[in-house]
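In this document, chain identifiers A, B, C and D correspond to the written order of the chains, with residue numbering beginning at 1 in each.
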Amino acid sequence: MIDKQFTDAHAAVADIQDGASVMIGGFGTAGMPDELIDALIARDVRDVTVISNNAGNGDTGLAALVREGRVRKIVCSFPRQADSHHFDTAFRAGKIELELVPQGNLAARIQAAGAGLGAIFTPTGYGTLLADGKETRTIDGRNYVLEYPIRADFALIKALRGDRWGNLVFSKTARNFGPIMAMAATTTIAQIAETVPLGALDPETVVTPGIFVQRIVAIPRAAARSAA
Amino acid sequence: MIDKQFTDAHAAVADIQDGASVMIGGFGTAGMPDELIDALIARDVRDVTVISNNAGNGDTGLAALVREGRVRKIVCSFPRQADSHHFDTAFRAGKIELELVPQGNLAARIQAAGAGLGAIFTPTGYGTLLADGKETRTIDGRNYVLEYPIRADFALIKALRGDRWGNLVFSKTARNFGPIMAMAATTTIAQIAETVPLGALDPETVVTPGIFVQRIVAIPRAAARSAA
Amino acid sequence: MNRLDRDQMAARVARDIPEGAYVNLGIGLPTKVANFLPADREILLQSENGLLGMGPAPAPGEEDWELINAGKQAVTLLPGGCYFHHGDSFAMMRGGHIDICVLGAFQVSVKGDLANWHTGGADAIPAVGGAMDLAIGAKQTFVMMELLTRQGQSKLVEACTYPLTGIGCVSRIYTDLGVFAVGPDGARVVETVDGVSVDDLRTLTALPLGSALAV
Amino acid sequence: MNRLDRDQMAARVARDIPEGAYVNLGIGLPTKVANFLPADREILLQSENGLLGMGPAPAPGEEDWELINAGKQAVTLLPGGCYFHHGDSFAMMRGGHIDICVLGAFQVSVKGDLANWHTGGADAIPAVGGAMDLAIGAKQTFVMMELLTRQGQSKLVEACTYPLTGIGCVSRIYTDLGVFAVGPDGARVVETVDGVSVDDLRTLTALPLGSALAV
């Protein structure tokens, strides 16, 4: 029997090692897998490369991971925000490396990894600092930059419901990077608010097929921190 | 008010002209927009370039379009089948040009068009006849072929339900190329079994957001030909 | 000199958004445009974080923090709206499916180059978000900004000195003093605010602006 | 000489598919493998036309022609299965998410090159479908074929003479006379059918096959 359920977040992240690359879903706090990140912080791993849209908000989740000094490098589109003080401090102190990627290129490069493409020519960023030194090409009169896939050892994402085969559905804009990160990581770990029996999810409405998800951990909403 | 509904298939395809490029959804007969194709046949357009997975099955739909001599070129992955006699005849008579594309590259090139990428490096087909003369590159030890987007003037697809904004949901494996073709055509025309009021489709389960669909035509299943 | 305030600027932009348009409003000033869209037009707002058919802010206390916009503000979804993942969201932009995006700017050049993500300051922490994708992806990119900096320098310039967001991507600039068309043929005054002349704008920008308007 | 029939070959392949595997069975002969998957293992079948968790054929009269497999046969969906579009379907393959695909073949080389889509005949109409994507995308590609053509020629060859589907992509070949491992180090006999010796296979293929089996 295929059963991807883990009993708790700590067990689900227990094999994430020093130096691992970890995608973290979420856009702001929506879709941020806070409990999985807390479990990762509890493991005291070092030199993690994080791929995420932001660099942490407030004092929890990714922000806490940064605050605890676990992140060597972050690949993201929008690190600086009103409440990104832990990243700001670490960055100014030279303790964290930043690879800034336009948000759509971040998504497209994650998708390219998930889909097995070797590289893509994207128009975004052409002629800007963020394309400095990169290969470019004019195709049909339009200018493109060659960008490479972004893969990761792990993806930590948050969904609404899942079943033991790993099928997932999401909640509103908390979907964001979850489905594409699930496709691009060797091991995708999803925290879900509720586990449902096999067959309970309408096969027409599954957003992430279980083939892209290796582990699920049910963390009921009542137990989860408020997203606000 | 945005209202993408057309009253009948003939009106929906009335501006498809000689020489147009037309994507046609469907895998075998599942998802084949038969009534839209019939309407296109009735227009007597010539020199159409068709992008579709197959080259027609039996005597209806795409097969009929081919039989009627309307197709100058077909871009597809699997033209030859037990019941592809109309294509076979036209091809052997030199009356139709064939661009054979591996199915996954067909999908990826259609997706590249929809997503605004200039080209993609794909591993599929490397070292085969279907990559002859194409640019190749070794990236991280793996070999890739450079492939370009496939766009079209029109996409004719078949969905299950839609609303006046063009949001669509599909039926089982009749989904196939519909969602990605909708993203790659200038004008996407969807025949649907049922029109539902705005808001009746669960926003979490919309498969094709209306932004990718320009016209819908309701053709109730009772009125549509049996798919078998 | 007469100047539009920010709400008036937003209302002016809103007037140019047609029925049926798919529109992305950048974070900051452009967000205000949503408040002035004509009630008799159906206009669909896209948010980069995966929604189409964005509605107004919820009543206080009704916020759902899993339903937010690109600025991380709580929003609502209109009937007929839908959710999708980030890949599809940026395919909408990069693939040319968004009709209009409205962005703020530090500078715009007469050719339509845009600078709006980075001051280039040595100690600034850069953040780009979706700005570069939006700037080059939408069918039309509008900029909405005050014409002058607080120091009185024109933000419409011959060539941007700040790091670029995109090249030749802006077609129109809506400012507190007038509306400009920019592009390969240079900058042209399309409209001036009451009491402002084309020559005033030429003086303020120090640019040889074209115009079809009476001087 | 003893030979497995096609059902026996399918059963032999099925034995090597582990619990929890995501598997794509090519059209034609490999489709038979589904009939022999052990009942005590959960194995998920993917079909390129957008379904995962494919179940057995429906009862006659129960066919739904919007629920078909890659061979355009009516199938069913298991509880826990789901549908998706062609982009996601081929991302599953090309992205290395499918554990095993089983394909038929015209020829396989000792290095694992596969030829299964085109005879190269001048008047043949070529059709490739998803074969090239599957061949190079799955974590392991198994081939299932009779070892010899009807004319008695080995289909395991030093180098393919038919047009290739993929280079070095096959790892195992299941035939009516034995099982072979192929790859960078050449071909090796893994198993022979009762009454067939490794030397028999060397003679039939005219290849210097390696083997860990007793001769």
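One rule holds in what follows: contacts are C-beta pairs under 8 Å (C-beta built on N, C-alpha and C of every residue); 3 or more make two chains touch, one makes a residue touch a chain.
Everything numeric here is computed off the predicted structure, so don't read it as measured data.
*Asks:* Give me the set of chains touching chain A intersected with the set touching chain C.
*Replies:* Touches both chain A and chain C: B.
*Asks:* CA centre of chain A versus CA centre of chain D: separation in Å?
*Replies:* The answer is 35 Å.
*Asks:* Please tell me the distance, in whole Å, between the geometric centres of chain A and chain B computed from their C-alpha atoms.
*Replies:* About 33 Å separates the centre of chain A from that of chain B.
*Asks:* Mind checking the centre-to-centre distance between chain C and chain D? Centres are C-alpha means, answer in whole Å.
*Replies:* That pair's centroid distance is 55 Å.
*Asks:* Where does chain C touch two or more other chains at once, residue-wise?
*Replies:* In chain C, the residues touching two or more other chains are 77, 83-84, 87, 90, 93-94, 137.
*Asks:* Where in chain B do residues touch two or more other chains at once?
*Replies:* Residue numbers touching two or more other chains: 108, 111, 115-117, 122-123, 170-172, 203-204, 207.
*Asks:* Chain pairs that touch, all of them, please.
*Replies:* A-B, A-C, A-D, B-C, B-D
*Asks:* What residues of chain A sit close enough to touch chain B in their complex?
*Replies:* These residues of chain A touch chain B: 108, 112, 115-123, 137, 139-140, 142, 144, 148, 169-172, 202-205, 207.
*Asks:* So in the complex, the part of chain A that touches chain D is made up of which residues?
*Replies:* Interface residues on the chain A side: 1-2, 111, 113-117, 163-165, 167, 183, 198-199, 201, 203-204, 206, 209-212.
*Asks:* So in the complex, the part of chain C that touches chain A is made up of which residues?
*Replies:* 47-51, 63-68, 72, 77, 83-87, 89-90, 93-94, 118, 123, 125-133, 136-137, 163-167
*Asks:* Would you tell me which residues of chain B are touching chain D in their complex?
*Replies:* By the definition above, chain B touches chain D via 27-31, 53, 57, 77-81, 87-88, 91-92, 98, 100-105, 107-108, 110-111, 122-130, 143, 170-180, 207, 226-228.
*Asks:* Mind pulling up the chain D residues that touch chain A in the complex?
*Replies:* So the residues of chain D in touch with chain A come to 19-20, 22, 42, 44, 46, 52-53, 77, 79-84, 87-88, 90-98, 137.
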